[in-house]
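Input: structures, listed below.
Consider the two complexes below, in which subunit A is the common component and subunit B and subunit C are the respective partners.
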Partner chain A sequence: MATLELINLSKRYGKKVWGAKDVNLKVNEGEFIVLLGPSGCGKTTTLRMIAGLEEVTEGKVIIDGKDVTYLEPRKREVSMVFQSYAVWPHMTVYDNIAFPLKLRKMSPDEIDKLVKEVAEMVKIEELLKRFPSQLSGGQRQRVALARALAVKPKIFLMDEPLSNLDAKLRVKMRTELKAIHHKTGATTIFVTHDQSEAMSMADRIVIMKDGKIEQVGTPDDVYFFSANVFVAGFIGTPPTNFFKMNIIGENGELHLKNEYIDIKVNDKVRKALEKYNKDEIIVGIRPENLLITDNKDEAIFREKILVVEPQGSHQVIAVELGNQIVKIVTPAFPKYSADELINVTLDQERIMLFDIETEKRLEGI
Partner chain B sequence: MTKTYSKRWIPYILIAPTIVYYIVFWLRPVISAVYYSFFDENNNVFTLNNYITIFKDEYFKQAVVNTAIFVIISVTLEFLVALGLALIINKKFKGANILLSIALIPMALPAVAVGAMWSSGFATYGWVNSLLYHLGLITADGKIVFLAGSDFQSLMLIILIDAWQVIPFMMVILLAGLQGLSKESIEAGYIFGGTKFTVLRKITLPMLKSSIQTALILRIISAIQVWLIIVMIYGYRRIPVLLEEVVFYEEQLLGFYRVALAYSVIVAVIVSMVSIIYLKVSGAFEKEEQ
Partner chain C sequence: MKGNKLLKQTLFYLVVAGIILVILTPIYFLVVISLMSDQEAYDWPTQMVPSFFNHFKLEIDGNKYLISVYSPSKKEYVSIIRTDNFDELQKFVRNKTNSNIKKEIFDIQVQKLNELYNKNKEEIEALRSQVNTLESKLNRVTVSTVKLKSQLEKAEKAGMENLISLIKDNIEKYEKEKATYEAQLKELNKQLEEIGSVKFSVSKNIFYNYVRFFQVTSNAWPALLRSIQVALLTVLISLTIGGMAGYAFARYYFKGKNLLKLSVLFVRMFPGISIAMPMVIILINMGFYDKPLGLSLVYSVGQIGMTIWITASIFMGISTELEEAAMIFGTTRLGAFFKVTLPLALPGLAASAMYAFIGSWSETAQAIVLTQFNPTFPVVVYQTLVGAKGLINLTAAGGVSLALPAVVFTLIIRRYILQMWGGVRV
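And now, the complex of A and B:
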């Protein structure tokens, strides 16, 4: 268990391409941090720099107050679970777990005890004598996990460890990983591009794009208080609906308006807009905050349903405004069908407003 | 019914041309070579004389010893250098591809050309001495008489020349193997406490085992059959080796064609035995973790 600090951590490939740029992050003891972002956003590069597998161009990696930026991986006391599991094919499961311990010059008795202990924790006691080629993907993943646990590292690094598993197993392993983290309390950095994985496991999520951190926050923070358009669009399925709108004052009322939508804002939104002195603004509304209503007067727009996507627990309704598809999440009942005309309103408490130029979220809302 | 019946024969029909080819151009000559090696050249009566001639030949023992020395030293040397080169080129640093292309040049040359090149190089007035002189490493009077060394030195010189040509071949096999290894498995080695040397010894090389086996067995077989380079540089019977003796009997002497056949059979038996022993020892016959 340890703390981790990244200071202006940067990685440059060749002369111009930045794999990661000025990454600053403080990780507390025992925290479960998820690095989340689309492919090529620098999350894996950042993780590999923490591990020591990637040379750092600029900046520092500090583990437990000690600068390890230029230390060999083996001296950093971290362990890692790889996407491809990276178990050693020429060793039995037992040896895979025991090998790192042997390198640490532990006695055979200690090693044996530890191997059995972690094997039990990840439920692979029966597989210890097998070779990796005799195991399924899920079992190999458990071996990789056991190997990482056995060395009792200061920091756990996980590089998309679940992405090669099938959907059902992935969800199951998620729960198990979280339980193991709860039990061991080890500081963990977990890389993924799967937002639901990130949301369900993380203490805090670090959202990255183009090598830079866009936002750091708890799952609720990044969902409800997205720092900018990218984060609001990246987190949540179906994604947030964005509208470019004009701010128009009419008869003492303030409206957010475009060709199709007219929102008469409430006091809270009006207050937030007071400090904003541009005419145009980006409005973000999550699909579950668009509500279908019978009351024509409170509707912000009225449109025919394009398609209905039933999901069992809820339905996703798509309508077309101009050439933009807008998605609405509604409860499972009442049922709707295509071509039905609906009135749509919104929950203004959850509206998100972004600066038209900087795309940053307006404060106070 | 008829459909499944005809389907069953399709694999055999497809493989038939290859089998016919092998029987006509490989199996038949091999069988006749073995057959005639037991018959007298002049009167075609069954005899062991062809073999007895070989075993009585004083050059035979020398050939076996020289070949053994050649195989052991050259294969070890070539393997180590090839592995080193493969590991370096696999680092994918700037210019690795250029280095790879340069390293492959010797492989493209036929043994005759290599022999000619180095025999002119190592002649007393050859280009190696000339190069050393121009580099200021030797004086005009201090030319090294490369080709006049003892038998052992001569053999070492041959090993060096042969290594020059063969290393790229081994390197390519090992490099291909290295590139097929899981990068993450090796990185895991570093993360979990391995030094560069430990990771190489305990993780990279064991994972590379099948490529190493391929490279070594191919090389051992071709090393046992070395002859052309030796003849190109030293001529016949200066440093006798097995295959050189076969060629000597076949080409240089009249009326010893069937002795040459017998010699080929002996070489073939030796090659097979060495290969089987090697494969046994290296564990290639073990079923790999099923």
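And now, the complex of A and C:
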């Protein structure tokens, strides 16, 4: 259990490509941090720099107040679970878990006790004598986890540990990982590209893009108060609908308008727009905040349904506005069908407005 | 459909049988001949398996002993030596039949023979004189036949019809006579054998050829040791340098990597013998000429390229994450290599070690050029083959002793090549 601090952490490949740039992050004791982003966003690079597997170009890594930027991996007291598990094939499960402990010069009795303890924690007591080649993917994953747990690290690093598991097992392991984290209370950095994994496990999510941090926040923060267009678009399925709109004042009323959509804004939005002095704006509306209504006057647009995607608990309706596909999430009932004409309105409390140039979210909304 | 399957199966078994035949037959021949005596090797291939005993016949002829050995191919006794000196007899018999007749056994047989001889002295003498007369008769008949045959040829050329038939009749007559004499002679010899000779069997020293090979070629033992030295040194050099280079090729990116990797194979494209000539000068300058180290250096040049290619693909197959995991869990960079990568690469390393060993072990051409007074074992075998004409059993023994260390090394290394953690243990 420890704190971690990254100060202007940067990694440059070759002369121009930045794997990570000016990553600043402060992780509290016992926190579960998820690094989230599309592939190539620098999340794994950042993790590997924390582990010491990647040389740092600039910046500092500080664990428990101690600068470890140029320390060997083994001296950092971190442990890591790899995407490919990286359990050593020439050792039995027992030896895999015991190997790091032996290197720490523990007595055989201590090692034995510890191995049994972690094996029980991840439920692999029966597999200790087997070789990794005799295990399934999920079991190997557990071995890797046990090995990482056994050394009682200051920081627990996980590099997409669930991505090689099948969907069902992944969800199950997610719960177990969270339970283990709760039990051990170890500071954890978890890398994933799966947002539902991130949302369900994280205390705080770090969203990265092109080597830079876009937003750091709790799952609710990043979902409801997305800092910019990228975050709003990345988090949530189906993704947020974005519209480029003009701000038009008519008869003392303020409208957000484009070719197809006309939104008469409420007071809250109007207040937020007061400080904004550009004509155009990006409006983001999450699919579940678009509502289908019978009231024609309320509607911001009227359109024929393109396709309906039933999901059981809800249905996703797609309509086409010009070249843009707009997705709407509605409850399972009433049922809609393709080519049906619908009136769509929105929940203005949940509207997201972004600066047209900086793509940053407008303050106050 | 069923017929098709049957056909396929038959074809498959035929191919398998063919492969076995092609591989095993030469090995079988080599090993069998190496276990045979001169006498047996002479009978090859009527006799397919080496015998473990030799059957001897001892006679007294005048005041000398005549010893013969049974030849399975001729189905009769073939005389070896006629002498009155036991030491000479023993040595000669040993070299010819690989059996060592001990003095005691010989004495007993001689005693028996003497008793027999004394008992049947007159009969033997009578039979002998009969044999002698028969032999001279046979001789005469043979000579006459030959003469007649040449006359027949002349007559045929001249075209004298009446003469031809006459000569033909005569030849026929002589040949009949010859046959009867031969039958009589055989009968007499048989009788003589029964009353005038003793027969006994002596076990054969089946590995005598090997002993003799190392006795005859005075530098065989040191050459064998040198060969082992050369082969092990080659394995060591090519595995350390080639292995390290292979690791670098597998793990690091640098400019001209592929070109470099390809160029190490260029060395192998030159025939060893053509490199050997300039190498003589280089080795003399370095002071390694005619020394095992020098030879293994030359061999390593070729083997390193091979080792690099094998080990590079082995190291590429081992995930870097395994090393990184080791580094995170407490080893150094070097420790990760020795504790994780090396054990995992062991099968591949063992395989390339085997290649290097076998390659340098049986190499002859370069060794002939690069050594002078301290040849390696293959050179010695080669020299025996060239020098001792006709002694194929001796050369075969040398060949088998040349193959044996390579086989032993392969068997030792086999368990590393077939290593599978948690898989099927071989």
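Keep in mind that, in the parts below, the second predicted complex is superposed on the first by the 365 of 365 C-alpha atoms of A that agree within 3 Å, B and C clash if a C-alpha of one lies under 4 Å from a C-alpha of the other, contacts with A are read in each partner's own complex, and residues count from 1 in each chain.
Rule of thumb we're sticking to: a contact is a pair of C-beta atoms (placed from the backbone, for glycine too) under 8 Å apart; a residue touches a chain by one contact, two chains touch by 3 or more.
All values reported here derive from a predicted model rather than from experimental measurement.
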For this session: Using the superposition on subunit A, decide if subunit B and subunit C clash or fit.
Result: clash
For this session: For A:222, decide between first (touching subunit B), second (touching subunit C), both and neither.
Result: neither
Problem set entry | Touching partner for A:84 - first (subunit B), second (subunit C), both, neither | both
For this session: Could you say whether A:115 touches subunit B, subunit C, both of them, or neither, answering first, second, both or neither?
Result: neither
For this session: Determine, under the contact definition given at the top, whether A:51 touches first (subunit B), second (subunit C), both, or neither.
Result: both
For this session: State the stretch of subunit C that overlaps subunit B in the combined model; pick it from 98-106, 116-124 or 350-358.
Result: 350-358
Problem set entry | Residues of subunit A that lie at the interface with subunit B and also at the interface with subunit C | 51-53, 72-74, 78-80, 82-84, 86-90, 99-100, 103-104, 131, 133-134, 147, 151
For this session: Using the touch rule from the top, collect the residues of subunit C that touch subunit A in their complex.
Result: 319, 321-322, 324-332, 339-340, 343-344, 420-423
Problem set entry | Residue ranges of subunit B touching subunit A (in the complex, touch as defined) | 182, 184-185, 187-195, 198, 202-203, 206-207, 209, 288-290
Seminar exercise, completed: Interface with subunit B, subunit A side, in the complex: residues 51-53, 72-74, 78-80, 82-90, 99-100, 103-104, 131, 133-134, 147, 151
Exercise. What residues of subunit A sit close enough to touch subunit C in their complex?
Worked result: 51-53, 72-74, 78-80, 82-84, 86-92, 99-100, 103-104, 130-134, 147, 151
